[in-house]
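Okay, got some structures for you below.
Okay, so chain A shows up in both of these, paired with chain B first and chain C after.
Entry: the complex of A and B
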């Protein structure tokens, strides 16, 4: 690895750390300025409220609270829940919930990518024919309709009317209860991947080496799968990172509709309850994932295209 | 390609089949129950929400328990004695009460738990203090909270004389003290077990101990909890079901859908669904011992006029508010203290004894209002009506009140919507309101749980109501040791406040539920723990 690459990676890392710090600071201040306190009970007397705030260190000035929070966070301690899961360790609570959300996100990405690619290939091979038009309509719908609308539609049709799948998450049948949310989430992946694959396939199919391969007398199957698809897929893979991250945020609303105990549900409840530490930990996790994904994308672009890492400012 | 098709078809049909789930024969050993929120903790000294209280109550018994009819009965205490001055209680514990790890339940388990709720700065620590149980030295220790030293904690008026004898010293007689002992804040905790688990105590089934009808066997946070019959429970003969399944954090709409799909035996339902189910045999309504009322700001010059307050109260059509607007089983409030909260020494409901102070009479309302305006020397007045729009039904109630009040000529109502949090943290304590829709639920079966809200100096007396006659009566209540006399004082105190229109009671709140016809023995309580599962039977 050459020096410019190392310098580039170092710079991206530094930017990521600074961004995370800024996000953390803003988040901390915003939670503290939310109306109300975590202890929204009329039954608490002012004296008792003081005692409770002292117990959690919430009686200290905000900068001191922030410093303590950072200090503990670096040790991996995200504090305890004040409301939703009284006095329980937040990092454990968040990780328990995150598993389901990750599972939904990853399943939707895999499923969506496979279907999207197939759709894209079919469209490209049948350019301007009925299949292409169908694929285009699906893509446009998938891109323009938000995942929660799909979730609602799926729940109403397959959950409530046809009763093919549970309307909410059931522990004894985790796979069947994940079908609807994963389907709903994968719609935008299908749409994006299909559009991208179609465009790439068309440009590859029109390239000179394809004409050569065809002239050599290769059969259509080898031609498409070995030569065209492989080359068309490289750019497609690069959009998967951002898609996965977008899905993570998309799961938030879909989880609500499909009554799934994921990270999104926890985040929304914690905001409503002013459960500061859970709000912080969930949002931090989302931010962290986003930034890591962006870092990986930046670095991989840098590796692929030297022009990026030697951009202005590095010279 | 054909193979692929076959595989896809198989996979899809498997998915659909597993989606259907459910067995054709109904399981009579598991009671399936849904609640709108999750359990926050199984630690009785940390929690303050009814869902957690329900779950803790399923696995834990206190000195006193609740029988099939919801009445207080001996539980871990096989007997108790009250001293002549009614300030010392001596409880004798049963010999056969055991924790699920085999340890006997001892008097120290209570001492430890009661100190723990104070040391933990638990929300319900005030239950030990002078406004409720009035245990010796509790107030001073509650103010210290986590900073109280062990030596200081030992001054709390609760002592383990030996393993099976517990004495409690009170500052003054508390007529409902025995009833309080069935409340989760007074439940025992096994010290050795809790200290060993440290901050993991009560956060998962393996860190939770039981001495009651059930043991917690599973808790998937945000989803569900399961409880199995406790074979070590001293009274296991009365427990008919083998398992209790709670779906947690289920919205009423989903819960009722699952009830219809026969996946639940019990579901709480929202107002919007009442019309759909009201003719169903599974439909039931409970009285919640909770009053919805209009808080009046007595610092407001216009509202200081008694005729204006009287006019407002007379202008509210409570019957229509219950039957046409909220529809959840609420009934018109007749006074500040709700019906079915307490009984007089001779067994009559407080409301029956105290009478009715609310009425709907627009003509009289207008007359009182005109008189009030005359006394104020004004032609018209404007009052703000504050409400938390995120509270159940409160939007609808506020709108309905606005239409009611707008019938009074000379009155202009300004609707002031805010959030519940803002209402109770800023607006009410800051006195930043004229009229405010508020609610209060009982924590213990005594009229003081409501009436003390109007007592001078109470932090929840947001309207700063200050009536010398009322204050004197309430002070007398605190020192009166004769139960019958004390009861009469409470009746008199409410009369003074209600005839002075200290606030405007609206509704005795109700709750609508669906309970399967084949299920019986579920006990609902209007205060403290909501549900007792011990006696549930499925046919």
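Entry: the complex of A and C
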């Protein structure tokens, strides 16, 4: 990597830190201004409430709370759960849940991208033939049907009726109980990647440089694998960003349907319970992952495509 | 030209394209000859079938195109035995054309160097690829040869350039790279499809000179496809004027430029921009080329031809030999002995006389 690349990455990292700070501030204010408090049991007397609030530092003015939160956060301490998991360390709690969501997201992305690319390439190479039509139908379905509908369908068909896979998450068989949610999540990835790959591949196949490569006397396999694929697949990386983000929101609902103890389930529960620290930590993690993904995608795009890698002023 | 050795012989080539439910007859009975070391030009307006003809020679017609009849005989000497071999490209399988002909014996230079190089492959790799593929040249040897080729096409510091990507080169340099790729397998025939159209005027002349130099050095034959008569005048030995998928006039460069006989050629020559014409407006040939999805009755040029005869509407004219020449041929009923005598327009005559005086032609 040359200097300009490092400078670029440094700049992006700085912007990322600023963005995260802004997100954190907005999140903090939003949670504090949400109606209700974490402690709304009717059994608590006003005095008891005061004691509890003082214990968690919630009696202090909001700017002070925010400052304290930031200070602790920089030390890696995201506070404790108020209600859901009484006094448990939030960062441990969230990390443990995030593992599963992360696993779902990554598997769905990898599986969906590979299948989608294959489908798109096959469709482009057999344009207007049966394979192309099949790919188009799959793409349209995958794009237009939300992942939770797929999750429901899969659970009903393969979980309830056929009993091929568990309908909910089971600690003792994590892999088999992950199949359905991952499949459901990957449908939209397959659809988007296939559609995009097909379009890119067709435009590459029709390009002048492919004609030149053909005029060199190369066989079809060399033409496709050495000349077309790289050019067609580079742009696919650009849509992986939005797809991943989509998946992050998708996991929340799919986790609910497949009863999987992931980050999404935790976030929804914590919002309902006003468990500030968990809401903050989950949302922050989502934001953080989003920014990191975008960064990785931008950098990898630069590494693969020489036109971007070398940038301007290079001669 | 005493010992002319024929390399390419196209006879009665007919090509059509299927679009929707229509059949477009893009090439209608083309005959063409190419001799070793010579340069021919195929001239005509857009859609006249010049590119299609050469794509047929390379066997890279679009999927919906098919050769209905005719032959493309290609003659070469076997690399080892020196034995003369003639093969009809039309009858060869795709695999045979791909391994034997394309890139190896006939290479092509494309119109737009900005889009004809693979953007994600270094130019070195792109030049080395054909020789490694066809001849199994080792990487080291291919690298050496590629550097030499780059040097030959006039690229400075070739070794450093090998690692460059196309976007790091200017248009003129990219076209030089395209030429280097075409030359990488030592072809016998180089097809240049409008090689200078997309380039800067100042670069155009340099690229043409480069192609001419290489041709002289390597003794290869060149086919130029162009609509630019200026280019033709500079480089060609022999000219084929194409109209609506047919060759309407062919002859030596002098014959076409100084003694044109077909009204279409008159039109083309009159339409050349010129600094000192008396008219304010640039001459254009009236009308537009015919719709080739329909069967053409008679001479395809007749509706645009001011000098059309009645017979033009019924019968397609055959090739008439021009008296006193065995190279000049014209497909126009005006050449029939019984046809009325028609002179070319006065303004064109003046222009030709001027060209003659200035010696506008390369020869």
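Things worth noting here:
In the analysis below, the second predicted complex is superposed on the first by the 265 of 315 C-alpha atoms of A that agree within 3 Å, B and C clash if a C-alpha of one lies under 4 Å from a C-alpha of the other, contacts with A are read in each partner's own complex, and residues count from 1 in each chain.
Quick note on the criterion: contacts are C-beta pairs under 8 Å (C-beta built on N, C-alpha and C of every residue); 3 or more make two chains touch, one makes a residue touch a chain.
Bear in mind the structure is a predicted one, so any value in this text is a computation, not a measurement.
By the touch criterion defined above, A:214 lies against chain C but remains apart from chain B after alignment on the C-alpha atoms of chain A. By the touch criterion stated above, A:47 is placed in contact with chain B alone, chain C being left untouched. When the two complexes are overlaid on their common chain A, residue A:231 makes contact with chain C while staying clear of chain B.
Once the two complexes are overlaid on the shared chain, A:171 sits against chain B while remaining clear of chain C. Using the contact criterion defined above for the overlaid structures, shared-chain residue A:96 touches chain B, although it does not reach chain C.
With both structures placed on the common chain, the touch criterion links A:86 to chain B but leaves chain C unconnected.
With both structures placed on the common chain, the touch criterion links A:222 to chain C but leaves chain B unconnected. Comparing chain C and chain B on the residues of chain A they touch gives the larger count to B. Against chain A, in their complex, chain B makes its touches with residues 15-16, 18-21, 38, 40-41, 43, 46-48, 52, 120-121, 123-126, 142-147, 199-200, 203, 220-224, 249-251, 254, 257-258, 261, 419-422, 424-426, 440, 443, 459-460.
By the touch criterion stated above, chain C contacts chain A in their complex at residues 58, 60, 95, 98-99, 101-104, 107-108, 110-112, 115-121, 129-130, 133-134, 165, 167-168, 178, 181, 185. For chain A in complex with chain B, the touching residues are 35-37, 39-48, 51-52, 54-55, 80, 83-89, 93, 96-97, 160, 163-173, 175-177, 179, 259, 261, 265-266, 269, 274. Interface residues of chain A, counted against chain C in their complex, comprise 207-209, 211-219, 222, 226-227, 230-231, 234, 304-307, 310, 314-315.
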